[in-house]
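The letters A, B, C, D and E name the chains in turn, as written, and every chain counts its residues from 1.
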Amino acid sequence: MSAPPLLSVRNLVTTFQAGGGAFNAVKDVSFDLAEGEVLGIVGESGSGKSVTALSILQLIPNPPGEVTGGEILFRGEDLVKASRRRMRQVRGAEIAMIFQEPMTSLNPVFSIGDQIIETIRYHERISRRAARDRAIELLDRVGIAAPAQRLGEYPHELSGGMRQRAMIAIALSCNPRLLLADEPTTALDVTIQAQILELLSDLREEFGMAIVLITHDLGVVAQYVDRVIVMYSGRVIEQAPVGELFETPKHPYTEGLLGSIASLDHDTDRLAAIPGTVPSPFDVIPGCRFAPRCGFAREACDIADPPLISAAPEHEAACIRLNGYDPIRSDAA
Amino acid sequence: AWECPETGGDLTFGQEAKVNSLDMHASSTISTRNVAMHIFESLMTRDETNNPILELAEAVDTSEDGLTYTFTLRDGITFHDGSDMTSADVAASFDRYSKIGVERGILSNVESWETPDDLTFVVHMSQAQPTFLEDLSSFSVPIVIIPSENAGADPLKLEPVGTGPFELVEFVADSHVKLKRFDGYKPNEAYDERTGFGGYKVACVDTVTFRIVTEPGSRVAGLETGELDAVEDVPQASVERLSSNPDIAMIPYENFWIHLATPNFEKPPTDKKLVRQAIAAALDMEEIMLVATDGAYNVNFGFQTQDRAVYSDAGKEYFNLADPEKAKALLEEAGYDGEELVLLTNRDYSTMYNAALVMSEQLQDIGMNVRVEVQDWPATIATRNKNPDAWNYHFTGWGTNTSLGYLAVFKFLAPPQPIYAMSDPEKNMDEAFNTAYTEMMNGANFEVRKEAFAEAQRVVMEDGLALPFGWLTKNQAARSNVHNFVPFRIPRMYNVWMGSTS
Amino acid sequence: MTATDAARGAVPSEPAAPRRRRSGLWIRLLSHRLFVTGFVLMALVTFGAVFADVLTTANPVKMSVRTRFEPPSFEYIFGTDNFGRSQWARVLYGARLSLMIGLGVVLLNAVFGTLVGALAGYFKRLDNVLMRIADAFMAFPVILLAIGITAALGPSSMNAVIALAAVYTPRTARVVRASVLVAREMEYVQAARACGAGDWRILRRHVLPNCMAPLIVQLTFIFAYSVLSEAVLSFLGLGAQPPVPTWGNIIAEGRTYIREAAWITLIPGLVLAATVLGLNLLGDGLRDVLDPRLKVQQ
Amino acid sequence: MIAYIIRRLLYVIPVLLIISLISFSLMQLVPGDPAIVVAGTSASNEEIERVREQLGLNQPFHVQLLTWYANLFRGDLGTSFLLGRDVVEVTLERLPVSLSIAIYALVLTLIFGIMLGIIAALRQNSWVDQAVMTVALIGVSLPNFWLGLILIVIFAVELGWLPTAGYVPFTEDIVGWLRSTTLPAVSLAMLQMGLLARITRSTMLEVLRQDYIRTARAKGLPEHVVVGKHALKNVMIPVITVIGIIFSVLLSGSVVIETIFSIPGVGSLLGSAILRRDYPVIQGGLLLVATMLLLLNLVIDVLYAYFDSRVRYDRD
Amino acid sequence: MTPTRPLVEAVGLTKHFPIRGGPLGRQANVVRAVDGVDVTIGPGETLGLVGESGCGKTTTGRMLVRLIDPTDGRITFDGQSIEDLDAAAMRAVRRDMQIIFQDPYGSLNPRMSVQDIIAEPLEILNIGNASSRREQVAELLRVVGLAPYHAERFPHEFSGGQRQRIGIARALAVRPKLVVCDEPVSALDVSIQAQVVNLLKDLQAEFGLTYLFISHDLGVVRHISDRVMVMYLGKAVEVAPKRELYANPQHPYTQALLSAIPIPDPKRRTSRKVIRGDIPSPANPPSGCRFHTRCPHVMDVCRELEPQLLKGAPDHRVACHLVHPPSTARAENATT
């Protein structure tokens, strides 16, 4: 890519203090994001997806958490080093975020109008009237009917889909360049999920912002994302353009994930399940953290955690198989 | 006549007990009397040495046969509401008292009264009552004179309108009672000076506030900080400190009451005379009184003080023996077998409470099985009167009935007092005491009656009809700019003045 | 094992050392600093109460005119009172009674609070009636009702226990009811019901055990409040009857001498405060460990 | 909302009935006899009997109860045996005193409790937090009657800053009122202050963990807005609900505190009524206080429902 | 389908939950959670039940095993009518019907050991003695892919997937014929979901189980079911064998549902037909066809007349006026 990336995360490490010890919820995570690009982050629960997103906005609750290493370059500026004041300017205005639970992410005691208007008014010195008009416009844009009335309503008076729309309206209120969407549809029904994802997709085209879309639904990834990062136990284990990832996954975990999906349009007798469970962040695993569950694991896997290795242009994976160590493919097993 | 050296000022008095009502006819509590006796007056009252004197009456004439008393009222007396006092008011007051008055027993021999004219009030007796005037002048619950319009009031609901030197400004129950000088007051010109509740009374201060401060510590502290100008019931423990304070004058009132316990004649083991005697023999009164009062006491013997004419030391040989050996011997003789002895006391009067605890201790030392039962004062009275199975000794104090008459002290032991009326009123009657008591009340002359008093006292002591511990000193105190605050049975605020300097 | 067994997977290869649930709880409790502080305080007070007769040879009710108002010293650790009694002995024996009364209230609360709470929470029919009665009891200010009941029954330590139990039981019942309402709706209850488990079994096996944590926390605080309230009742003369010492009546008796012999009032007050503090700390610790989501209860 | 209020009101009725039943029957168990108190200690048995008849104390239980209810509906709670005055009148006369002190204590509790709780929560685990929480814990553990005695000695007697006892109505003299009520209010408030500080702190910490706080931060709001607006309002809602309880406890404490400070409030009225077997005052006073608190809680519930849009009106 | 007698047959299942309201807390309205649904499952068959949140899937499942008493409708289990059985009689039937829950955390009592949890149904139904139960639990653990030593542990020591296996073992303990699986994998990660789904399939084969499989994941439902029933707002809108349903959805709602699911294949990015609007509240369901507020093909008749679930293709029933125009519907109805 010729243009400098909008966001460039370099070797991010985020550490939590918990249960008397420290662990890295996110370790050595690096990725780039171009203007207008949609990046998907997939991975199992606890793999560090949310922590990555929150680290970008410097919203890791401290204590117990802290970004302990790496850089987060947003338009060339390292957000890790940015002052609190600067971060407040960035948040909401340049990078916005929406969350999984629309019910709990909106403050129950303020009307949604309040919550949109305050964002606008904090970032832009405009009158309350103007902010209100903008809020109505935004609600209309995210597909809320009768926006002027809805402005005065409280979150509990809205359905789940409406709430998520309101959250999106808040996120869009200052025209951010980057939207971090942390599982924005997991709590919603399929039909509503489709509405929201379509809306995001439309808005991206309209506003030209980049999106980081966190999900564990590979279907969503396949449909809405340009490039994918697969995380496992705090690490990026594979990243590739979406087509390539689904076509030729390089990491056994990614393969396993793809195999786990029950298809909608053809019958399978058995799903290719990955055995075992995700390790707890406290488990000490000397080598590759996926090795205990991996059907291809070799002794070498237990010695060192493999780094990301380039498999193709823009496609890298953290598996020693890529070093030609043991070119066994899943179909050969 | 007497004149106020200085007039004006607002005096605040820290009073121990709560005032529930100012109805002087219907309330017998000391706290009511403390306040109400500034507002009301009666036909007769007592002087400084407790002799009957005339108050609202100018003269009283007793007929030969003792069946007719004719009172001549003082002229020109007005009530706080401005109306004149006439014999009609007196008759109305007597009417009310005879219906609801606490001590209306003193009128039991009265047949009728009449008001021949405005200033004459005549009482007709059905039977001679030698102590009638003494009774009438009692300030225990006196027949105070109220305007006839108020005489229909229900008990405790009397309008506080009287003829006294102070009139009511404000009464906030449990907080304070505020009085101010009654400008229409007419002092009794027959006297030059205040004496007892009567005499020449003048209100020197503008207002008097009786502030209820039940915590003894707070009363003392209030006096020290000057919030209070005078207080009653200073704990002995604080006396020493207060005495060294030049701004404060301690005013001890000695022999305020006699501290004692009365036995239950029905419940074992106190149904046995020998046991009662054993108990009397065991007790060390010095110790009891010291702990009970922290030192505010006199262990003098007798149901009257030495300065009184009826004083006698008959029965002294049974008092304050502190002889455990003798006590044990008596117990043995009585066949005492570990029956529980219940001391019924209360916390409202800490001296009674303390005395019971010490007594229990001393009795345990002679091997008795003692339990202290603490209730509040009204409940102890109820228990004493209603529940003969629940107690053996009831702790109380007798004001030695200065107000009713010196001899009357033994009224508490005589029928129809409830302690005798429990299961069988007659059963526990002590013959010897009864004979002496009858003689004492009806004896032809003072000498006879005095003799009878001594005999009664001896019987009480010998038979253990009551268990006196000693005499209590009530500590009052005042800031030193309060003058002429002389202790009496209750605090008097007339003829008291506040100096601008101390 | 068949071929499918391998695919069933998820069989950890070796059994880890069987962990005991209880020991884990104790480890967590003992690493809770405030809990340990509370534990130590309570251990001291309890020790004093249990071994009162060992710790002092003095008789707490024995008077001695010669030793009135001795200030604290080697001979009289906590001084003596106006009766010349050893305050050290009185405070120790007072601890015995205070803790016993607190314990009595806690036991009654545990039994009746659980009973009423469980019935109300589990059987919707009873809920309304029981909770309205509880509301009525709770509408009265605590001390006023307790005074009313002790005054009605007559002052004694036994009646203080009954009065305080009556005052606090509705509060405990509410706590139990709240957790029963939650536990009742859990899916494991549905699972048991799906097997035909009766109400009694569900209550005993599934609902009540899962209400224990809030109940234990609540009871610890009830213990603290009972000790405090008992002191108030004794202070007013409605608790244990003298000469039996309780902290409340020691303070009440000593207050006349607060300026001349402050130790009489001061020391039992401090011991009382330390006990309540200890219980509060225990309650906090238990709550943090057993049931972190519980809020501070009244 | 209206339906909700009406329903809450209707709930109150059975509770009131039970309250009145409790207040009435409680005092029927009392040993001792008010007639004796009224008749005076030296009265004879016949006199006591006469008084008893006068007061209706010789009637069987159910007759007394029914009479009491009948009078209750006429707003007549009877006449105090000892004060000779209407119970409603004396209670209402005393109520402002107790209420003024309880409100003063409540204000102290709210201001300091909430402030300390918030400070501690914002400085979680720092020395400030530990200091505040230690003070709060100690406050929670101090017996109020003991504290009252100690405060009198320190502030009234030794330092002489404040009066030892008594009460000045605030209608007469605000400064005097403040001086006379500060020590009682502090003695009363200490425990509740500690409690509230703890509640506020834990609620605040809880709220700060909520997703919507993260949202507020993600919107770029400055910390003072996040805490002062978004968190605070959510913290205040549960705090409002405990006001009723706090108030009840404060009133409850007034029995002892008013006795110690010689304050003519409801607490000392009821306290001495119980000690003197003044049945009508005990029954009426308890009933009035409980009813008042019940209604207060009702108002708080309604306010709560009003403030907290999350409350579902259709649920109990 | 096969002419054999169905294992369970429910007709006109209805559940109305009262909503209390008004000042007196009287019943103000009802939530029509399930409103006249027929369910038939043959022995050894798996019926998939899909639909959006709140459409009544759980309620239907629970009514089938009488965890909830239906407001109306008849349930025949294994030839026996069970809707009126009392608790004692029901207990005998309970052996044959079990349920697996969605929440792997809430469905296991945290205070009971795995041994006690799995043995509980045996204990309640008085099967075996303590030692035989111990053996059975060990065997069950093995069957669900856990080890016998796990019996001594407590639920909190297990991961979500493992807990779900424990829940399955408990359901299997009494060797039931019918198992209602209420979203057994929804709370699990994809990789774990596959494990559990495979396990359920294996167990079905091994023990000849009959499943009612509730899910909102149409992929999983397709994978495990023989037939699928789609519910919308308390009504069944379409029932068909799975191939038929996925290949040829007839009801606009089924179509929308299928179209809304993102296909996990980046090469097949389609611009999808997204239906608009929110799901109405089951307390005030729309008149006529309940889907008419969101239906892209809505006709006037849809607003007034409620469509019946009628047979189209063999075994394919649809409740839609488009498929069965009202005029013909009556006639067809007569013939079915």
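In this text, a residue touches a chain if its C-beta (ideal position, glycine included) is under 8 Å from a C-beta of that chain, and two chains touch if they have at least 3 such contacts.
Model, not experiment: these values are computed from the prediction.
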What is the touch distance from chain B to chain D, in steps? 1
If you take the chains that touch chain B and keep only those that also touch chain C, what is left? D
Please work out the Cα centroid separation of chain A and chain D, and write it as a whole number of Å. 52
Take the average of all CA coordinates in chain C, do the same for chain E, and state the distance between these two points in whole angstrom. 47
Can you work out the whole-Å distance between the CA centroids of chain A and chain B? 91
For chain A, which residues are shared contacts with two or more other chains? 270, 273, 275, 277
Please list all residues of chain B that touch 2 or more other chains. 215, 217, 375-376
Which parts of chain D, given as residue numbers and ranges, touch two or more other chains? 31, 149, 153, 157, 259, 275
Applying the document's contact rule, which stretches of chain B touch chain D when the two form their complex? 18, 20-21, 23, 26-28, 102-103, 105, 141, 154-157, 172-176, 211-215, 217-219, 221-222, 224-225, 227, 348, 375-376, 378-379, 381-383, 385-387, 412, 416-418, 421
Would you tell me which residues of chain B are touching chain C in their complex? 215-217, 220, 235, 237-238, 241, 287, 290-291, 294, 347, 350, 353-354, 357-358, 360-361, 372-376
Quick one: which bits of chain D touch chain B in the complex? Just the residue numbers, please. 31-34, 36-45, 48, 82-85, 90, 93-94, 149, 152-153, 156-157, 160, 163-167, 259-264, 268-269, 272, 275-277
Write out the stretch or stretches of chain E touching chain C in their complex. 62, 65, 67, 87, 90-91, 94, 97-99, 101-103, 106-112, 117, 120-121, 124-125, 144-147, 149, 152-154, 157, 161-162, 165, 167, 170-171, 174, 195, 198-199, 202
Can you list the chain C residues touching chain D in their complex? 132-133, 135-137, 139-145, 147-149, 151-154, 224, 228, 231-232, 235-236, 251, 255, 258-259, 262, 265-266, 269, 272-274, 276-277, 280-281, 284, 295-296, 298
